[in-house]
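Two complexes are shown next, each including chain A; its partner changes from chain B in the first to chain C in the second.
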Partner chain A sequence: MQIRSIIILIFIGWHSLLFPQEKYLTKQGNISFYSHTPVEDIKAENKQVLSIVDLSTGEIAISILMKSFVFEKALMQEHFNENYVESDKFPKATFTGKIQNLQEVMSGDNGVAEVDGKLTIHGITKPVQIEARTDTENEKISLTGKFMITVADYDIKIPAIVRNNIAREVEVSFKLEHLPYR
Partner chain B sequence: MKKSILILFFLGLCTHMSAQDLMEILDEETPQHTEYISATFKGTRIINGHSIENRKKGVLEFLISHRFGRINDGIDEFFGLDDSNIRFALEYALTDNLMFGVGRSSFEKTYDGFVKYKLLKQATGKKPFPLSVSLFGSAAWKTLKDYDPEDKPDFSDRLFYTTQVLMARKFNENLSLQLSPTYVHRNSVKIDADPHDIFAVGAGGRYKISKRVSVNAEYFYTVNPLKSVNTKDVFALSVDIETGGHVFQLMLSNALTMIEKAFITETTDDFFSGDIHFGFNISRAFHLGKKHRRIPDEGEQEW
Partner chain C sequence: MKGVKRSVYISGILIIVGVLIGLIAFMRLYNKPHTDVNASDADHTLAAKTLLEAFKTDENNANKLYLDKIIQVEGEIRDISAADGNSIITLGVEGSEESIICNMYPTENKKALGLHKGQQIRIKGICTGFLLDVILVRAVISD
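Presenting the complex of A and B:
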């Protein structure tokens, strides 16, 4: 019995030597969104985004606490959480995806990672394709970029009275600076 | 044979670190923090009385409140609408926890000033707390010249003070309830039998029927009412409608006035015999002390 467990442990240990953990994590990722209309510009920023990237597989996972978005006006923030994204029901937005051109990115041939994945906001999951500029500096791996999302895709209803104040598509910018995990 | 299957299984587990597993790592790494409950009530008033809510720092609110005459006055008085009491007020939040306001009511030409401080906040997470507590204090100065010119009262004789401890809990997204122990002090009274110090307790709540509409109810029980007039406990029902920076409150109540010392201790109409007044509160929030992208010619539009 003991020998069996030892063998298993050796295999696992050996395995992790062959494939070292290449996970990079941040807890202070930066994600902001920007809605532009002729009437009003609305901007909100979240500086407490959790993001992890596994360079051995190219997998990425991002977790965003909706209540951590800070708006210029307190009332907007309250309405965002209460009426639009319903943060009590859906506290987090998440993204899971994979870098499609991992080898190119790792070898330094291409500074832009093509990430395919699923974005979940307000309980609705949609496939998204995002381009992220990758920079490696010492131990730090950063992903930066922006993409557009359509508000209606995520079943976020905008009442007629403020339809001119909120853009149908909002621009999402991200800056995630990962450091080695463990 | 079983052994090797087991080993292969373990190896399999190790190689496939999927995005889902990464998500689990993120969940583990999520820092624990205290989250304060927001929007227990939509407005700074439940109906007549104050709620535990303050405006956020730098917000100036212009509040217009009306209470019309009695609905049961009938068509001759256009169901009370011919007669109206109004209060204008400017209310400003100095910090997220401290706000003050000044108002002027047409009823007895009364000026009032108040301070409201958020003492404790309902929270979940690391340091949970079950309810929110706010302290409220106000002074009202009656300027109606309803006295005998021979016997002019001095300034302090015309002052009234109200102190409240507001305690509320947001039970869920829709339901919030509040208890408001109240102490009203009158510097002068009409007859000796009238108490200078009146104690009352208010109970109120709101239930959201949609994201932007709620129904509210509020009742104040007065422990030792005035003796010189036959007063009634104040009861009110309202509908709150929120549109961006505005909150509209439409209400039915037996109160004729909009400041604590008056509606809690001086209401004489009886709601349940039909002495009901229609009324409304309209508020408009303006953001001061912040950078504006546009010239703030009028109220900054909210969403």
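Presenting the complex of A and C:
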């Protein structure tokens, strides 16, 4: 029994030597969205994004609180939370995905990660493909980029009266600077 | 004839005044300021541990109770950091990896410099929910 646990311990130690630090995390990631129409531009920013990247598998998990989006105007923030994304009912948006070209990215051959995954907003999950610029600096691994989402895809209803104020497609930008997890 | 002219005149003025009032009301509503946490009373005052436990045991229920509310929380400083020029004070709970992350209002930067780890503190902020930790935003140090 004891020998077995020693062997297991040795194995774990050896394993962690070979793969020193694979999980990277940030709790202060940045995601913003931007809606442009001739009537008005709307921008909101969320600076409390939780993102975890596992470099051994290329898996990415992102979780954000809808109420953490800050708008310039309090009224817009209120409408966003109460009427559009119904953040009392759906407090979080999530993304889970995988870097498809992990080897290329890891070897430094390609600075752009192709991420395939699922995005859940307003309780609705859709497949998405996102390109993310990857930068490694010391121990920091950052993913930055932008992509478009169609508001109607997520069953977010915009009342007719403000339809001209809110774009059908909004641009989502992200900047996630991960550090080794513990 | 004179009476008709007069009533047209009066109703014209009334319409203009009405539109002006409407416009002012709209602008005021449109430009309504964000909640001033500093000037508002807390909806709930509780210990860091109680708040964290509430979210860990029943997140849905805690969301109903605390989401979007002004929470005053008392606890021990586990970490002080900064992101994008704003201080972030993390309140820890003994025996728990999770914490309460308070994203401070820019006005608090100076005060945050005078703080140190391990210190007991009371912070007031708006709760936006729970990821790995409970998140408070627009937080201020209350005394």
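Here is the rule we use: the second predicted complex is superposed on the first by the 161 of 182 C-alpha atoms of A that agree within 3 Å, B and C clash if a C-alpha of one lies under 4 Å from a C-alpha of the other, contacts with A are read in each partner's own complex, and residues count from 1 in each chain.
The rule is short, and it goes like this: contacts are C-beta pairs under 8 Å (C-beta built on N, C-alpha and C of every residue); 3 or more make two chains touch, one makes a residue touch a chain.
Quick caveat: nothing in here was measured; it's all calculated off a predicted structure.
Because the two structures share chain A, they can be overlaid on it, and in that overlay chain B clashes with chain C. In the superposed pair of complexes, A:47 makes contact with chain C only, with no contact to chain B.
By the touch criterion defined above, A:112 reaches neither chain B nor chain C. Of the two partner chains placed by superposition, only chain B is touched by A:96; chain C is not. Contact with both chain B and chain C is seen for A:75 once the two complexes are overlaid on the shared chain.
When the shared chain is aligned, no partner comes close enough to touch A:124: not chain B, not chain C. Touch criterion met: A:67 reaches chain B and chain C at once.
By the touch criterion defined above, A:27 reaches both chain B and chain C. More residues of chain A are touched by B (comparison of chain B with chain C).
Using the contact criterion defined above for the overlaid structures, shared-chain residue A:88 touches chain B and also reaches chain C.
Within the three-chain superposition, the chain C stretch that clashes with chain B turns out to be 21-29, the only such case among 3-11, 21-29 or 75-83. Residues common to the contacts of chain A with chain B and with chain C across the two structures: 27, 48, 50, 63, 65, 67, 73-75, 81, 88. Interface of chain B with chain A (complex): residues 3, 6-7, 10-11, 14-15, 17-20, 22-23, 25-27, 29-31, 35, 38-39, 55-57, 59, 96, 173, 211-212, 243-245, 285, 287, 290-291, 293, 300-303.
Residues 29-35, 63-64, 67-68, 83-84, 88, 101, 103, 128-133, 135, 137 of chain C are the ones touching chain A in the complex. Listing the residues of chain A that touch chain B in their complex gives 4, 7-8, 11-12, 15-16, 19, 23, 25, 27, 39-42, 48, 50-52, 54, 56-57, 59-63, 65, 67, 72-76, 78-79, 81-83, 88-89, 94, 96-98, 117, 158-159, 161-162, 165-166, 181.
By the touch criterion stated above, chain A contacts chain C in their complex at residues 27-28, 30, 47-48, 50, 63-65, 67-68, 70, 73-75, 77, 81, 87-88, 91-92.
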